[in-house]
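In the two assemblies presented below, subunit A is common to both, partnered first by subunit B and then by subunit C.
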Partner chain A sequence: MKDSLVLLARVPAHPDSRCWFLAWNPAGTLLASCGGDRRVRIWGTEGESWICKSVLSEGHQRTVRKVAWSPCGNYLASASFDATTCIWKKNQDDFECVTTLEGHENEVKSVAWAPSGNLLATCSRDKSVWVWEVDEEDEYECVSVLNSHTQDVKHVVWHPSQELLASASYDDTVKLYREEEDDWVCYATLEGHESTVWSLAFDPSGQRLASCSDDRTVRIWRQYLPDNEQGVACSGSDPSWKCICTLSGFHSRTIYDVAWCQLTGALATACGDDAIRVFEEDPSSDPQQPTFSLTAHLPQAHSQDVNCVAWNPKEQGLLASCSDDGEVAFWKYQRPEGI
Partner chain B sequence: SIDAREIFDLIRSINDPEHPLTLEELNVVEQVRVQVSDPESTVAVAFTPTIPHCSMATLIGLSIKVKLLRSLPQRFKMDVHITPGTHASEHAVNKQLADKERVAAALE
Partner chain C sequence: MASPFSGALQLTDLDDFIGPSQDCVKPMKVDKSTGSGMAKIHIEEDGSYFQVRQDGGTQKLEKAKISLGDCLACSGCVTSAETVLITQQSHEELRKILDANKTAAPSQQRLVVVSVSPQSRASLAARFQLTPTDTAKKLTAFFKKIGVHYVFDTAFSRNFSLLESQREFVQRFRGQASSTQTLPVLTSACPGWICYAEKTHGSFLVPHLSTARSPQQVMGSLVKDFFAQQQHLTPDRIYHVTVMPCYDKKLEASRPDFFSQEHQTRDVDCVVTTGEVFKLLEEEGVSLSELEPAPLDSLCNGASAQEPTSHRGGGSGGYLEHVFRHAARELFGIHVDEVTYRPLRNKDFQEVTLEKEGRILLHFAAAYGFRNIQNLVQKLKRGRCPYHYVEVMACPAGCLNGGGQLKGPSTTSKELLQHVQMLYDTVTVQVPEDAPGVQELYEHWLQGEGSERAGRLLHTSYRAVEMASSGLSIRW
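Right after this comes the complex of A and B.
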């Protein structure tokens, strides 16, 4: 199982600091990293090596916690403990901060772009999720402040094809939001985790959502529409979400991130036990009660906690990871034979 | 290799935020409540607030955590929690101390 994940390269991305998060651009040619050194770095290949192509400094006064590329690949958003979100515009290898989104009362924990490119979501320790609209002139306007969670909101992610937003929180729940008559509303709360939910990932079809938690489990949730064949109850016209699978007993510490490969459906996890794991759905499993098998387990993938794992959107099997040790690593994953 | 005595020596002289005494003098920390495994790189410290509604519990826990973070090799996983049954909000305090993102933001 060690051989299914092979190290390609390791770079000291945020020296003397921790690397918190990674994001591949839509073309899969660049990787953005961010960390406790208050910087964002952009990595690209030069022959066989990964080199730093740009450093975005002067954007934030404190730790940069997450970064996210716009669907067109021309913009990068960075969310910081300084309570702001910067929007950077890419011009070849240069990035210029074109706007700073303010409003959250304290640390911004996550930022995500909707697939349409017109909407952005942010979330914070102030317990709120904000939805922002961006127009053709690159003007950003906050269109909704959602106060559904009762604690610190750790992560936001958009559905791959619909304007549906999901958030994960220190209150142990996942919430789902959509627009209803010009306003954003929370239409579902997913309960089941026994501690903070750190991250989320939709599967390629958008029908399932994976969540990972301090409770050391990954849960898979499925959306059921009203009048579904399985007879899952829905209230009115709202879809209902059910937990259809729980992966427990695999991780020995907090799971900080989960990433669902949009090309192959493989699920990767980043864990506080310094390991990276990959799971794949068993081909014969029932879609309503799927089973996943562990296909890769790499202990000591890093020398400290792994904070993020990110699948390259274009190159199958290419996985990036980052850690509290400040390093970014690139891996080649190959599903082992006979599983 | 690192043992409980060594960990205890790091934290015994931390000053209590409210009294002119150390955590050891107040019995907030005791060597017997320190568990270490050097081969597994784990440290667990249970601390006992002076009273069950002590409002400084999170702060005390944080000062223990900071001392360990700054003194021990980076390979160590540290768990600082309230001695079970000794505080009214022990779950809430323990959860905050276990959240490395919250700790990092508080210390920055």
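Right after this comes the complex of A and C.
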């Protein structure tokens, strides 16, 4: 199982600091990293090595916690503890900060673009989730301020094809939002985790959602539409979400990130025990009650907590990870034989 | 417990994280005593602190107290726990005063006055399935039954608020050439909005705020100044309660600007929400609909009517509508009959324009709810605000939807709001200029419009609140 995950390269991305998050651009050619040194770095390949192509400094006064590429690949959003979110426009190797989204009361913890590219979501320690709309002139307006969570909101992620938003919080829940008339509403709350939910990832079809938590489990949730075949009860016209699988006993510390490969369906986790793990769904398992097997476990993938794992969207098996040790690592994952 | 305050107030004030560098700004008056600076502190079993002096003598130390007013001045530490305390400033307080009155000597008794807002009345009307007139009369009967002396309607004080707002806008619009007059004028009747404006973008926004007092605070002036004189009482002998659709109004009443140093009394002593009145009714075992209606009180002879009156322009006071029509007439000689509202990105953001021969003469807007306040403030900061006047309210759908209004037992909140709005709109509308009693009060009580007294009693001021160095200074 150790050979299923092989190290390709390691770079000191944010020296003397933590590297908090990574994001591949939609084309899979660039990797953005951000960290406690208040900078965003853009990495690309030059031959066999990964080199830093751009450094985005002067954008934030505090740690940059997350970065996210727009679906078109021309914009990068960075969420910071300085309570702002910067939108950077890419011009070849240069990035220019075109606007700064203000309004959150304190640390912004996450930012995510909707698949349409017209909407952006941010969330913060101020317990709120904001939805923003961008118009043709690159002007951003706040469309909704959602106060559904009762604690710090750690992560937001959009459904891969629909305008559906999910958020994870220190209040141990996951909430789902959609647009209703001229406002956004929370239409579902997923309860089950026993501690902070740190991250979320939709599967390629968007029918399932993976959540990872401080309770050391990964939970898989499935959406059931009204009048579904399985007889799962729904209220009104809203879909219902049920926890269909819990991966427990695999992680010895908090799981900080989960990534669902859009090409192969493999699930990677970033853990506070410095390890990276990969799970794959057993092909013969019941879709309503799937089982996942551990196909890779690399202890000491980093010398400290692993904060993020990110699958390359175009190249199968290429996985990037980053850690409190400030490093970014690139891995080749190969599904082991006989599983 | 979910916070009952408006969204705008919540996001500004409620932060459970108290950074080590944050100081409570409560100015503690410390009486400096002579002698060496050393003192020992001894804590008794009951938790009280005693200072042990060098000579062995002890002195009980006073507990530091933080009042609502102090919290308003500070930007940092109002935690969720404190908000629970704030929401206790309620009908229990009123009860205490009424009970005290029963046993007090005549010279110690206080005259209890309750001023009811039309929005609270509409909410109660919906709940008890009564007309606003009947609700007003039965509420009067109820309050008098429990020991209240007078019950007034804040729609009366609203006349002054609207008239002052009209006059102020025309002045500011005309004075645009001189740099001291800043447009747009932003309404200030909503305390949720004011708290947000003062604390997050204070120095920038404060110059734009209208200085006209809200109907609640005009009523404060009316009751504690005019009415007190009429009753031959000093203001501190009157206990003034207002019934409001939200909790934010409790903070407004606690502002130091509305505390009279001379008489050591507040213009409004206690604010109870519609919900708290409902609780009072329940505690008394009274069903509002079964009460015999009582005649309505009025502040002055000129204002006596047996039916309540209201204003056009929606359930949040009608500021945009009144200022727009007045400005159109005063500045451009145009008479506007119906004001046409054009909704923008959502139904809580609407605009109104006055056009002539293709030119826009007046461009007004109404922005309700936190998301629209955000967008408005961002536009203002970037110099991209096209409006001359904006009616700003912290609650989506405005005051009729305030956090203190009654929730329906069976209907959906949308249907209930529509019902409350419908009832609110059935009350006969009146133009402030023609409201009985208003002109007389301007003449006799205030000594003329624009007078020094009018400025002092009908206006207020705001100030930017500096954020104490926040937790953001910690190097994460």
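Annotations for the structure displayed:
One rule holds for everything that comes next: the second predicted complex is superposed on the first by the 339 of 339 C-alpha atoms of A that agree within 3 Å, B and C clash if a C-alpha of one lies under 4 Å from a C-alpha of the other, contacts with A are read in each partner's own complex, and residues count from 1 in each chain.
The working rule: a contact is a pair of C-beta atoms (placed from the backbone, for glycine too) under 8 Å apart; a residue touches a chain by one contact, two chains touch by 3 or more.
Computed from a prediction, not measured in an experiment: that's the story for all the values here.
Once the two complexes are overlaid on the shared chain, A:S169 sits clear of subunit B and of subunit C alike.
By the touch criterion defined above, A:D214 reaches subunit B but does not reach subunit C.
Of the two partner chains placed around the shared chain by superposition, subunit C is the only one that A:A83 touches, whereas subunit B remains out of contact.
Of the two partner chains placed by superposition, only subunit C is touched by A:E141; subunit B is not.
Once the two complexes are laid over each other on the shared chain, residue contacts for A:Q304 go to subunit B alone; subunit C is not touched.
Touch criterion met: A:G103 reaches subunit C, while subunit B stays clear of it. In the superposed pair of complexes, A:G36 makes contact with subunit B and with subunit C alike. With both structures placed on the common chain, the touch criterion links A:K154 to subunit B but leaves subunit C unconnected. When both complexes are overlaid on chain A, the residue A:T63 reaches subunit B and subunit C alike. Judged by the document's definition of touching, subunit A residues 36, 62-63, 81, 107, 125 lie at the interface with subunit B and also at the interface with subunit C.
In the complex of the two chains, the subunit B residues touching subunit A come out as 74-75, 77, 95, 98-102, 104-105, 108.
Taken in their complex, subunit A has these residues touching subunit B: 18, 36, 62-63, 65, 81, 107, 109, 125, 152, 154, 170, 195-196, 214, 253-254, 272-273, 303-305, 324-325. Interface residues of subunit C facing subunit A in the complex, by the touch rule stated above, are 7, 10-12, 15, 17, 345-347, 370-371, 374-375, 378, 396, 470-472, 476. Contact residues on subunit A toward subunit C in their complex (touch as defined above): 36, 62-63, 81-83, 102-103, 105-107, 125-126, 128, 133, 141-145, 147, 182-183.
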